[in-house]
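One chain, chain A, appears in both complexes that follow, with chain B as partner in the first and chain C in the second.
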Partner chain A sequence: MQERLSLYIQRDSWLHALNPLTKLSLTFAFILVGFLSPWYWTALVLVFAGILPLSFFGRVQREYFWTALRLLVPVAGFIFIMQALFLPVGTQELFRWLIFHPTRESLAQGFLTATRIFVMVSSFILFLLTTHPSEMMSDLTRRGLPGQFAYVIVSTLQIIPQMQAKAQTIIAAQRSRGLDTEGSYFKRIGALVPLVGPLVFGSLVEVEERAIAIEARGFTSTRQKTFLREIKDSPIDRTIRISLVGLVLLTLLAKLWR
Partner chain B sequence: MNSIKKDFNTMTWVLIPVAIAINVAIGQIVVLLKLPVYLDSIGTVLVGVICGPWAGLLTGMLSNIIWGLAVDPNALPWFPVAGVIGLVAGICANLGLFKSWWKVLISGFFIALGAVISGTPISVYLYGGITASGSSFITAYLMQTGKGVVEAVLSTNFLVEPVDKISTALLAFAIIQGLSQRFVARFPRPENAQVEEGQGRTQLFIAIGAVVVLVLIAIFVIVPLLPK
Partner chain C sequence: MINLQNVSYKYPLTDKQVLKDINLQVQPGEFVAVIGPNGAGKSTLCYAISGFIPHFFKGELSGSVQVAGVESRQSTLSEWVLTVGLAFQNPFNQISGAKYTVFEEIAFGLENIGVPRDEMITRVEQAMAMTGITALAQRSPFSLSGGQQQRVALTSILVMQPQVLVLDEPTSQLDPIGAREVFGVIRAMSHSGMTVILVEHKVEWIASFADRVVALHEGSILLDGRPDDVLTSPFLEARGFGLSRYTQAARAAALDGLWSPGRRLPVTLEQAVDGFSLEARRDADSH
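And now, the complex of A and B:
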């Protein structure tokens, strides 16, 4: 079978064993607390006291570190620098150089946004590293998500790598016929059609066959479905979820009071 | 409610993953060709046209959610924008704006308008106006000249989005025209893609004129009305 598109790392850990919904609520709790909290330090504390230790618990700290470095540090750094330099807020100028005059407020605002983005993306990275996509989908389907959604998500994760491989083949084939993909601007626009055409038409042709195939397997059946794999949902999971909701509510209160 | 259900037949459910993969694959081809557009919602527009607005909405949202969940979580917060693109494309198609290619230009503009309106709050509240995309330099420049955050973000998006979304709509239209009628007829709304006959050149001028007027209206009428 083709490799799935996913960040998931198979490890035997306490975090992997948690119910997918618990990990999903953990992710959203981190994001909500990070964005709702009225203090500047919250997001940073969440990273160092929450997400980072959890990545050690999940035994994915190396992968977490590299994924965050690759996906997140450039983005958060860019946002911080741009906001610190260009946000026209505040009056206390730190220094003035050419057109740049960062103020204390713009620096603080840039720090706040960058750390919030950091929390948002890195809590998702942690979730994805420790949760298998089909496990998450079958748990959510068991809880009442329509089966069609699970089909769409799981099969998309399979189709995307196939499609990318197909795109690479088409690019190579057209180049070998002399298609110019690096020339002038108009040549490159012209190259779009012979690349996109075969890719799109080729993949759309399969749609009809696949529709017939899954209909023959009871895709549209409305009967109650059974599950091949049981996914654990322990009392610990439920306790964690309830306390996460409490944490978010407390943050909301703190925001309203200040 | 019943008509929504009719839009989601098995063909629609099977088309959605393929459309999402088309979004991703074409987006990457465009990056490879170093073109100054994204073109990462052609599949979404395609679904919106032949399966209706709600299917388009779902495709767009799932496209960004899946891409965010599997590859780059930075794409995740923008899922409402992608959804609006599919929704607007579907509504335009239902109104008959995908029946000839000069009308598609106008659809492209409306799609861009939807993307700008839905993207601005995310950009402003989540990122404080400056996001990770390259067009943030324009936003930063506008803010330096004394414009408010909302105004700067809106103006930037109005500069960037129409070109991208009009090309997207045109490409999606070209793809639908390339499909066989028998194939399109299996989807819930094949009538949206039926072509009208007409004489080309005058229509082209009408379309370009209409797009220019719409862009000017957007820049000079809507933007100044916004609260500073």
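And now, the complex of A and C:
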């Protein structure tokens, strides 16, 4: 069973060593530039000149390729085909076959949307591959994000796999008592009923106990928190963040003036 | 250290009084064990001492709960936990889920209360050494066995260095060896001056560790006294308390005249061995 819900891969790289906020800014800068830019080729340039080289810098290129190939190429491809074939824009019809009549404009629009989606999701993937969730949350909490918010994010990542394991145990227990979980759809839906009770009510009890346990460890304390993880925030980080903001602003200006 | 006066409590939306007119005074450094059948109010008593009643569980609390001279109603929960630490039965639910290694998990409480980083590391290392989990430091808390998680949960509270330690069946998930280790840690904490309230079913352990035993029954204190007196009391069995098997053996022996009526009933193995060998010698002398 998977121990946690996270893409993070521990490597010793220049990208890993960046401050989490810098990497988060990088991700959002890619997305904003990709979506704001008035030129249709920007998103493609971002992928080949930005995200791909960064995945090599972060030494996660193999994992990145795999995720992109399995998840993103099909999704982006689907979006491209749907928009190209069905978007009712433009006049320059390329061809007409049955109900399909793609135009130059719908093709361009499909390409734009698909590459933008590609940039958005793949920059997030790169971010998640190179940033430890609790490192990111420690850093954001230090910068003023409410501790409760950070806790909800990080603990969900860990507790969902635990709940999946528990659901498996309950299924096994109910099957050993003769519950039939195979067969027709109706039968399978019916088999969910004896699973939901223990899982849902069990989880409610768990939530209460966990709330007590973290309260017992001063979770709602009003004192200034300290952090075990030391997270670097170098002048390089700050320079990168400022230039990213500049880049986004330039793109915005380009969009407004064109 | 702890002073409970006329404490009664009802959980919200219920009519049943779970605690009825409890009066309990505990001296600093005292080690008090609490026993009682299911539903006697043991966990509720733990919550009342550790401030979760009235700050977490609403409901109707009457009477006065004071620890170190402060009334629990007048404090906040996050300040109260600095004085009174609580660990309870199910170790899995005591893992915060916010941390990826045992070391970070134990440091969680210290981060929350703002302990400086250097001090934090020293305290976590000391606490882990004390409970014998140093080797687990880099493991994921969720990958541990129940017994290991139990010790992590206990360490997470010990590291906060409370003056009072409230433990609600902390060895329920442990095998006998693990339980002995945990009891060893608890005793060491007690010897170092910490006040300990321990809810526990393992009567033989209580007899050898606790200074005092409180028997709860249907929300009231039935007996309160030295372990040997309370744990062998004829009151207990009739009310659903478990006696130790040594006590039961000696009682059975007494029916056959093999244990003199005047001799105190044993609770632990050592007491039983001593008692039975004295009985055997008495038999040999009289023949």
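Annotations
Methods note: the second predicted complex is superposed on the first by the 231 of 258 C-alpha atoms of A that agree within 3 Å, B and C clash if a C-alpha of one lies under 4 Å from a C-alpha of the other, contacts with A are read in each partner's own complex, and residues count from 1 in each chain.
Going forward, contacts are C-beta pairs under 8 Å (C-beta built on N, C-alpha and C of every residue); 3 or more make two chains touch, one makes a residue touch a chain.
Since the model is a prediction, treat every value here as computed from it, not as a measurement.
Partners chain B and chain C, once the complexes are superposed on chain A, both fit on it without clashing. Using the contact criterion defined above for the overlaid structures, shared-chain residue A:A167 touches chain B, although it does not reach chain C. After overlaying the two complexes on the shared chain, residue contacts for A:S184 are found with neither chain B nor chain C. With both structures placed on the common chain, the touch criterion links A:E215 to chain B and to chain C.
In the superposed model, A:Q10 makes contact with neither chain B nor chain C. Shared-chain residue A:Q83: touches chain B; no touch with chain C.
In the superposed pair of complexes, A:Y151 makes contact with chain B and with chain C alike. Shared-chain residue A:E230: touches chain C; no touch with chain B. Here the vertex is the CA centre of chain A, and the angle it makes with the centres of chain B and chain C is 80 degrees, a multiple of 10. Once the two structures are overlaid, the count of chain A residues touched is higher for B than for its counterpart among chain B and chain C.
In the overlay built on the shared chain, the residue A:S176 is in contact with neither chain B nor chain C. In this overlay, which is a superposition and not a single complex, chain B and chain C have their closest Cα atoms 6 Å apart.
Looking at chain A, you'll find residues 151, 155, 159, 162, 206, 210-211, 214-215, 219-220 touch chain B in one structure and chain C in the other.
On the chain A side of its complex with chain B, the touching residues are 5-7, 35, 71-72, 74-75, 78-79, 82-83, 85-88, 99, 109-110, 112-113, 116-117, 120-121, 124-125, 128, 133, 148, 151-153, 155-157, 159-160, 162-164, 166-167, 171, 181, 188-189, 191-192, 195-197, 199-201, 203-208, 210-211, 214-215, 219-220. Taken in their complex, chain C has these residues touching chain A: 50, 52, 56, 77-79, 81-82, 85-88, 90, 92-100, 103-104, 107-117, 120-121, 140, 142-143, 153, 156-157, 160.
Put simply, chain A touches chain C in their complex at residues 3-4, 132, 134, 137, 147, 150-151, 154-155, 158-159, 162, 206, 209-230.
Here chain B touches chain A in the complex through residues 8, 10-11, 13-18, 20-22, 24-26, 28-30, 32-35, 42, 62, 66, 68-74, 76-77, 126-132, 136-137, 140-141, 143-144, 146, 171, 175, 178-179, 183, 186, going by the rule given at the top.
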